[in-house]
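Before anything else, here's the structure in question.
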């Protein structure tokens, strides 16, 4: 079977990803329109937003299994550098993004908070993996696991999975870019969930 | 060497009173009086017929609620509820604590299992870290998680948890912490049904509601 | 103002005086050394000024170059001494070291 | 002296060899998959988001029980024939995509989809609600379901028609499995692997596009 | 400069300007130009580095920023850095902390003054050009020490100590490696050095005699070390010292280090081109159409070589670095000087 | 030489006191540091570049796995074993199911064992690739990292086809494996891959890294763990073998079907320096990749037909009361499970003896007197994975 | 005019930091202030057409001596980089320094210098020639001095030296050193 | 090469150095502009936590302003000596070509520098042989040396 399909499989909507490009599309236009009073400012803002979203430098912050997937994301096959986010900085001082990739334990949580604090603004956090999102598999008996990193630091994007595939992290990054761009991106619940819900015949 | 033969040798060294032999188990094991364990280990290591130069594993065990006859009656441990709150119970644990040693000899290629059992209130076993350096960390871990103190250990600090941590998690009656040094350990109830009968689900980012945006 | 020799010499003199002040007031051996460097620089300024405005030859400059070189050598040795002193007496303070010596 | 020249030679030589390896790669086409524009086709067993086909599920709760992380929330109301499911949700805050839930579903309704990329801005949105009780409730009891006309055949029957439909996937392991495993367990598997073709989209937009 | 001032004189508004005014205007324009080039090379080379690294590692590197192969990546980086918050650690020595990046930047900017871009086109056509370049860039060392010390961060301190020791050490082979060339040219003026290599590839100093060839490679290695890159990135060693001396630096101040790093990278490459690789002369005599372009292209090729090395080799250890410098490179360069001198004498080139 | 002298090579700290001890710089390497491979924290006391004391501080990834083992049933717990050594999850699965089977006394079908061996060995290769990669990265070589990850992706793809998960598989169950070979081409693809790896890629790594002079200089004679130390600290796996001890559970304490296969146990020979130095440990991994390829080839060539599950997938596993310690050779070394069962659905106690935990301990001893860079090399060459140290 | 301005700027660049060097309580600050003094001095040399000297100043003083000084300051670790000194020394030192300055200034102003301002010329060739001819012996002598300085400094800083209180063999450390 | 623009006393040769001076000023101006622009653009939200020193997520133990290891100092020390050597080599190299043909000067010029180099090389050889260029690397090779480190939990390694 061909794994390396270079083209999207049937039914995949390429269009939706083009929200990434630095181009005013409808939704962005709406945002812009509302600010249209000060055109220059908006443009400058736009340019800087573009810069911010095109150059998100993550801090090298690997915690657990997900960190390996984070590495895989930055590695050959998925290459997060394509998004300009490949410049992993070892020090939080120069980073924009903290990818909390893995289980946040009680002992680590304070350190995580400190590292987050030490990052200069503007800064973002991606919670990667079930553990970082909500304790994941360690929810029930994890006496030493923080159930959700959002209890420690504000999280911008949640990337589900255990571990999330590299693609998902990339997708999360794109959602973060959307967020920086000033819009909340597209509807987030996958369509198939609601589709199936719709298919069920009504009672009565 | 056969397990029985090893036991014979060990028994010869320690004298009969100090140990008991459980032969029919999946893995035969010798139960040793706690105060003799270091002695026994030294013997096992230094006797050239035995030559147990590797301590494969050292496990601390909380025997509370264990049913020897194996009817699956062990007590359920406490966790967090779905809402993320720590579960509590009135039950007080009372069983013994124990330590199991698994030994291996690179030269003789045989294994041996030792166990000691101490009362919960005593919870102190002599260290074997001078016999096998590797025991140092295992013992620290056992102290950390099960709360067995190892007498004579050079550096008996907690291993995995913080020094300030309360309780020993692998004890059967351990109650999960709700908060630790300002870090919330409890979960947040996420399982709430987002569809209260009256309120409509809303929003772009709202939970997966039935109102997807119109597709192109 | 037409900048000429006296101006440079004055700068040199001020620098020299500052260096002297540092040498006298500093207790830390390295501070003293810095003062010495200032004084050497002052003398170098003078050398160059004379070489330019009086003699118009490069001898003064060669001299100054030698001074720089020797200053480097001096700094190397002096700082090594400071370190040795620091190691032996636990301080880089010249006075204290002197007292300890006894 | 000789040694140090040998060292220098070794250093230069090995550096050149290494540089040969790297320069070789410059001309090669990168192996990178340019994700948003290119995607790989997932293998049949791929475990994406868990999906539950609500038309089949009878809220027996096996999946919730088997889930190691307790992330399936099933709520019902009523009793016996009048038992209705009011909620079926999977909490991706916790789900670890282990597929244990799909193994034992006796109706084969819960499956691992091939959809995997849905980042969200809000942790709440990761609780996927598979039904909206305001719109409908789902009858649990078999008799009620039959009565209401949405009875779905038990898996044994379901599995077989499903197989030919999955012809797109070259996997054929369903056969040895059924031989190997006695009872209903054998049929949990195909359900886990195979999307009922046409029902389940590969991408989030669905194949109906 | 002369070209510039005479050109300025020809401009309408500048005709009546005094000579001093003209001179200052010219100098300011030149400095601005150099600064722009410097900033530009940081932008171009960060992008290039990421692409080269990408392709070496069989991936793409930046692809999406600005559509075509992420050409706008470095611009975005710079803009973003401009908008980053500036943090001065509470424990730091504030004055020095603030000043250190400026010094590093200045050190590399100053050195740019003497680069011979094209015949007669040098910002400051110094008689001591080459010497001056080395001297000016030695200020960077102080900047790095300052940065590391003032951060009051242990990793930064390590980085600074290593960096300073490394940079001062490698300054020697760097300077020594150029001396055989000076023997041939008899001038330190950068223009003169390039002019002396006229006449095709065989007149480039790198191919003049075997000692010069060795000296070139010594220079190349020393220049990598001097710019703290490649296998010699001891001060920044990501895997050891978190980010070295700029661990605590954020935003624009970090960008200055960044800028200086790439400016220095290009600078040492340009010097290599100028001293050994025939400056603006094209390999084939008589084909010198665009001197400045030739010069820059050669420089970029050197930068590429530099990157290639960087992405291939593992990093050496501190002591090995020092070993290499003091026990291999300095003796070898000294040997090159003597050997080249003797060759000059025997071949009658001296005189 | 007196102790004080060494201390005094750095200078005194307090004023006025002659001959006082120098102040050592205390610094934290980790928990967030690129060289500690996760969230390990090494508390260093250094003098300049020389490390005087290393104290590993663990627990930053303590995920309470052993507690969870007492709460979830045997099959669910497989999921958590994946997450110990998340670089070689199959090996961890294998270790665990072996232990459970030992207690349950079930006969595992041959085919299942073969599949286990194949997947575990693939996993081992993947893990070793990461070990090479990160070790190279510690040494400052970026590019091998990317190459190794590229090859690892292939393995992950193969395993994903097999088990459905990309990184964490949940593939083995007590009594067999969850799935059979996915499709007809899978076996061929695996063989193709290992052939390619053996023929081409390993050569690339060797050219780029193993035999690079700088790399050798950085790793040979560095962080030497001699045989006695390795044994005393119960080091296992490549660390022990790097010290020249020919010991491998797969051979010396056979489990599964490893006794059927013909493979060698590479040991450190001190080819570039001393036996037991970082280079040896590194090279043992490279050679083990070759051996794993051999094993895979044999296992696939002799892949028997038949069932692959002794216990049906939908059966809840109950283990008779008793206790057993079972050990297997994972990518990092000997992983042991000590399971005490009381006859119920969940284990009464499940102690995991993780190889990295024991291997790391040696840092306290060997790390002393190294340079900071060498310490990085030492830690890198131990190839620890925090998920299994902290559990 | 511009020349004057440049001179004034350079003189200020030399002198103001020099004051800082003298007065700063933090030795590291003093060291960094010294940087500017040296830079200013180099500028002054350049303005006097002593370009070789200016560049030498940059290279040796700033690139070398200053680095050395800073290293030493950092090594001797004055707590928080501060030096305690009281006023007791300032007064006599200031008086004496002012006195010296007075004398010097008097001399400068009193003497009528027969100053000339010739055209500036490139100096390096002339210096080179001078060194090779007139100053040949000082030149060789300098090399000896440097050798001595190097050996002396190396001796002084060698790591395992006997001290007053301890009497370990002086070179014991070296045997164990691994020349790597 | 020198330009003759009457610039007060800054004439001819110095003109180029004046350019350098302008470079310094322009450098500062540009840096100032960059910092100023950044100041306008960047958010500023200081907090005590943000200003803590980064040390891998832990709180630093003590100040980092402690003394360095002497090694780094030694390197700088040797550098300074060789730096001076370079200083003299440059004038020599410049005049070598011109002075060598001068009758009577050739051998002097050549040998003078050879002697100069030889003397300094002697110094290099001295420190080399004495081991000052080597880093003390293996503490473990000093038998007594492991003791200063607070003994970790280790005992005698048993013979195995």
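We just call them A, B, C, D, E, F, G and H in the order they show up, numbering each chain from 1.
Just so it is clear, a residue touches a chain if its C-beta (ideal position, glycine included) is under 8 Å from a C-beta of that chain, and two chains touch if they have at least 3 such contacts.
Given the structure is predicted, the values throughout are model-derived calculations rather than measurements.
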Look at the interfaces D-F and E-F and say which one is made up of more C-beta pairs in contact.
D-F
Greatest centre-to-centre gap (Cα means) from chain D is with chain C
Distance between the centres, which are taken as Cα means, of chain H and chain F, whole angstrom:
42
Return the distance between the CA-based centres of chain A and chain G, expressed in whole Å.
55
Roughly how many whole angstrom separate the Cα centroids of chain E and chain H?
16
Taking each chain's centre as its mean C-alpha position, how far apart are chain C and chain F in Å?
61
For chain A, jot down the residues that touch at least 2 other chains.
1, 3, 20, 48, 60, 75-77, 79, 82, 90-91, 93, 107-108, 111, 115, 118, 120-122, 134-135, 137, 139-145, 148, 162, 165, 184, 188-191, 193, 197
Give me the residue numbers in chain G that touch at least two other chains, ranges are fine.
1-4, 7, 49, 51-52, 56, 59-60, 63-65, 67-68, 71-72, 74-77, 81, 117, 122-124, 127, 131, 142, 146, 149-150, 153-154, 157, 159, 163-164, 173, 176, 179-180
In chain F, residues with contacts to at least two other chains
1-2, 6, 8-9, 11, 13, 18-19, 23, 25, 27, 31-34, 49, 59, 62, 64, 67, 70-72, 79-80, 143, 146-147, 150, 153, 161, 168, 183, 185, 208-209, 212, 214, 217, 231-232, 365, 371, 374, 390
Which chain B residues qualify as touching chain F in the complex?
25-27, 29, 53-57, 59-62, 66-74, 76-77, 79, 100, 102, 106, 109, 111, 113, 132-134, 136-137, 141, 145, 158-162, 169-170, 172, 174
Listed in rising order, chain E residues that touch chain A in their complex are 50, 54, 57-67, 70, 72-73, 75-80, 82-87, 238, 242-243, 246-251, 254
So in the complex, the part of chain E that touches chain F is made up of which residues?
53, 56-59, 154-155, 158, 231, 233, 237-242, 311-320
Complex contact set, residues of chain A against chain F
1, 3, 59-65, 67-69, 71-72, 75-77, 90, 102-103, 105, 107-108, 111, 115, 137-138, 140-145, 162-163, 165
Footprint of chain E on chain A - complex, ascending
20-22, 47-48, 50-52, 54-55, 60, 75-77, 79, 81-84, 86-87, 89-91, 93-94, 96, 118, 120-122
